Every structure is written in C-alpha cells, then in structure tokens.
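Attaching a single structure in structure tokens format; questions to follow.
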Amino acid sequence: MAEQKQPRKLCIIASKGSLDMAYPPLILANGGRMSGIETHIFFTFWGLDIITKKKNKGLNVAVIGNPNMHPMFHIPSIIGVIPFMSAAATWMMNREMAKLDFPPVDEFVQTLVDSGAHLYACKQSVDMFKLKLEDFVDGSKILGVMEFLEIAEGAQIIFV
Amino acid sequence: MAEQKQPRKLCIIASKGSLDMAYPPLILANGGRMSGIETHIFFTFWGLDIITKKKNKGLNVAVIGNPNMHPMFHIPSIIGVIPFMSAAATWMMNREMAKLDFPPVDEFVQTLVDSGAHLYACKQSVDMFKLKLEDFVDGSKILGVMEFLEIAEGAQIIFV
Amino acid sequence: MAEQKQPRKLCIIASKGSLDMAYPPLILANGGRMSGIETHIFFTFWGLDIITKKKNKGLNVAVIGNPNMHPMFHIPSIIGVIPFMSAAATWMMNREMAKLDFPPVDEFVQTLVDSGAHLYACKQSVDMFKLKLEDFVDGSKILGVMEFLEIAEGAQIIFV
C-alpha cells in the first residue's frame, strides 16, 4: 500500500447526520489540515446532510429515536412527542461546542473548504436523496465510491 | 507496518445489523473487489446478521429504538408500537437501494463471495449468539479477533 | 505515510458509551497488545465514559433511545418508561461477555493499562464534560486531537 515517503493522507468517511456524530469527522479533518496532512472527507448516507446547504444549519441531537433516521422516510414525529427535549439537547450541544471554540457545523464545513480539505458528496447517496451539486456547500464535488477508493490509496481511512 | 510494494488490502469490520448500516461495508467491499483490491470483511456483534442465512433477507431500518438492538435480548416489541412505520422505512430503503442497482443484502453478500472477498464471522460473536458455521452464508469462515488482526497487518482497516 | 520497517501501530478512537459499543475498542486493543502491537486508545465524546471511574462500572445497553445519548443532556427518563428492559438487556450482555471470558468494562480497561496500551481522554471532550484527570482510570492521560493525530502517524486508525 503506502509507498515510501508518500506524504500522509487522511480519508474520512462521514456517514451519520446527527449533530453529535457530525462533529468527529469535522474535528479530525480540521486537525489533519492544521497538521498539514492532505485531507479528504467523503459524505455518504445520512452524513450527506453535513454538507447540504438547506440542512447543515439545523442538525439535531436525537433524544429518542435512531440517530440514523432521516427525513427521507417521512416518518411523522413520534420523536415529536418530545420535541422540547430534543431541541434542548441540540441547544446544549451547540452551546458546549461553541464553548470549546468549535464553530457551528455550517461554518466548520466552510473553514474546512477554505483550509484546503477536499469534500465529496457520495454519488450513490446523492442519487438516493435526489440531490444535485448545487445543493451542497460550494467547493464540494460529487464522487463515486470507486473514485473515492482510488483517492484513498495509501491513506488512513476513518469511517464515522 | 506496510512493506514496500505489498499489494493493497482492505479489512472491513461490520458491527451493525440495521439495514442502513449493513450497506456501507458491502458497498466498500464491492468497490474494493472491483478495483482488484484484496478485501476482507469481519462480521462481529450485530453485524453478524448480515451473513446469517436466516436473517439477512430481513434486516430492518429501526425507526425508533437503538439500531444496535438485537433479538438476542428478547425485547418484546415496544418498537412494535409502530411496526407499520418501521416496515415502511425498511421498504423504502430497499426500494432506493434497488434503484441504485444495489442488490438486496443477501444477494449482495453472495456477489461478494463470488468476487473473491473473504468473509469472516467473528468467533467470539458466534459463540455469544450460539451460532454455527452452517448458519452463515456459504464461503464464510469463523475467525478469532487475533487471527483477524494478523490478516489485517498492512491493510486499511474500516470499522462500520 | 508508513516508513519501511516501522513497527505496527494501532490507534483506536472510542466515541460511543453504550455497553455494546464499549467492547469493540477494548477487544481490538486487547488483541493488539496480545499480538505485541503498539496500541493507543483515544476516548472521545460519549466514549469518555469507558475510562471515567464513576461511570465505567455501569454502562448500559439502551433498549429504546439513541445510544449516543448521554446524561450530560439531563434528559429525564423517557427511556425510564422501560427501565426494567434496559436493565435486563444490560444484564444479559454483561452475562454473555463474561461467558466469553471478557471481563467487565472497568476491569478490562485496567487489564489494558497493565498490558501497556496507551489510554487517552480527548482534551476537548474532557472540557465539554467538565472532567479532570483524576476522574479517569489511573494510567490515562489527557491528550488533544492534534497530539493524537501526531501519535497516529503511520498507524492503523479504527474509529468506533
């Protein structure tokens, strides 16, 4: 795999869209860029929300309910039995992340683009959710799994 | 770790048994094989369901409830409060994956075996769930954690 | 990335605090140490509970509810609608792990410290949960994300 003296490369796969699991890939990618490591993030399945412009300002902490659940399923809010609690948990998490000087998800994503991290929307997931390139944060590209695996050659792969 | 010119190797650990988290390891493994990469999948904990013949035709999207939950716990269906919604979400996911030309989980697993991917059932999980080799898809092997780590030397490890 | 003949290194990120997802990083780290591999575990987000002395004796299997949920959010027990079932699932899981000769989480962590595995509490998570070094199992260190990435150079990274 790795060839001698190849520069270090980090390939992160972000597959979750809940607020708490959106941060780990962003924090790792940010650390990678600050260390001068070539960094790629591949957003797939529910993780696609993190770079979707209409959604990444409003990611939630699910209090009850499967954190992998997604509006695609049009499930009415059983979770809405406790909308206040979910909102409270989301508010608290956002506050705690801000205290740690982590920006909100949408700004964090922009910072990563500016820092030279490569952001990809998984082509298969894009098709599944019927999205288009313009739905994603500027600087994102759409990329298939095969192309991602090619880029990931010699990289450290981290699946979140 | 990696020796110069060692061929690329992908070692995927599949630990989840919900329908949505069953696909990422299969899709990554498939991409690996299509790129000619030596590919191993180690099914452990709830991920064991993916290669269990009696179960892998019927994986579900959990609407409410912990996606890591498993029939081993004999929990009566609180989740059954909303059996229709879980069934609807599962149906929708199956339909969307089919639209993307991804086969159902059981056929996908067979495709991977045919393509030369190596499938392992984690020995410790097999014992925990009181299963036997014949419970798994043909071509699977039972393998301990230590042996898996040995195979994974020099590989890119992806934990799902 | 990897330099020729560099000894193998395993860097595990433990981000989940539910009982079932606490075991995979411990089991992988244990396998690593038994194979003589240099092993590091970075406990972050909900995974911090695994090395928190007041908590790691009482990790739970969440029956309903998001396994990423955490007492930080002070959510009263909706989950407590079914406290018996969650307790039963937790008891069953603990029993099954014991049958497999895996020690309880707190003893398992101690075994890892004794075996020479390196345990780190993620500095950012430590701050978020307002914890201190003395809250963690003896032998743990507090480490930032950047320092962790430095240690992880040339390692196989596994995110759980």
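Order as written gives the chain letters A, B and C; numbering starts at 1 within each chain.
The criterion applied here is as follows: a residue touches a chain if its C-beta (ideal position, glycine included) is under 8 Å from a C-beta of that chain, and two chains touch if they have at least 3 such contacts.
Bear in mind that the values here come from a model prediction, so they are computed numbers and not experimental data.
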Rigid-body rotation angle, chain C and chain B, from Cα fit (steps of 5°): 120
Homomeric contact chain A-chain C: same or different residue positions, threshold half: different
CA centroid of chain A to CA centroid of chain C, Å: 22
Residues of chain A touching at least two other chains: 1-2, 4, 64-67, 155-157, 159
Touching residues (chain side chain B, partner chain A) in the complex: 1-2, 4, 6-9, 18, 20-21, 23-24, 27-28, 30-32, 34-35, 37, 61-67, 82, 85, 88-89, 92-93, 96-97, 99-100, 102, 154-160
Residues of chain A defined as touching chain B within the complex: 1-4, 13, 15, 44-46, 64-69, 72-73, 75, 78-79, 124, 127-128, 145-146, 148-150, 152-153, 155-157, 159
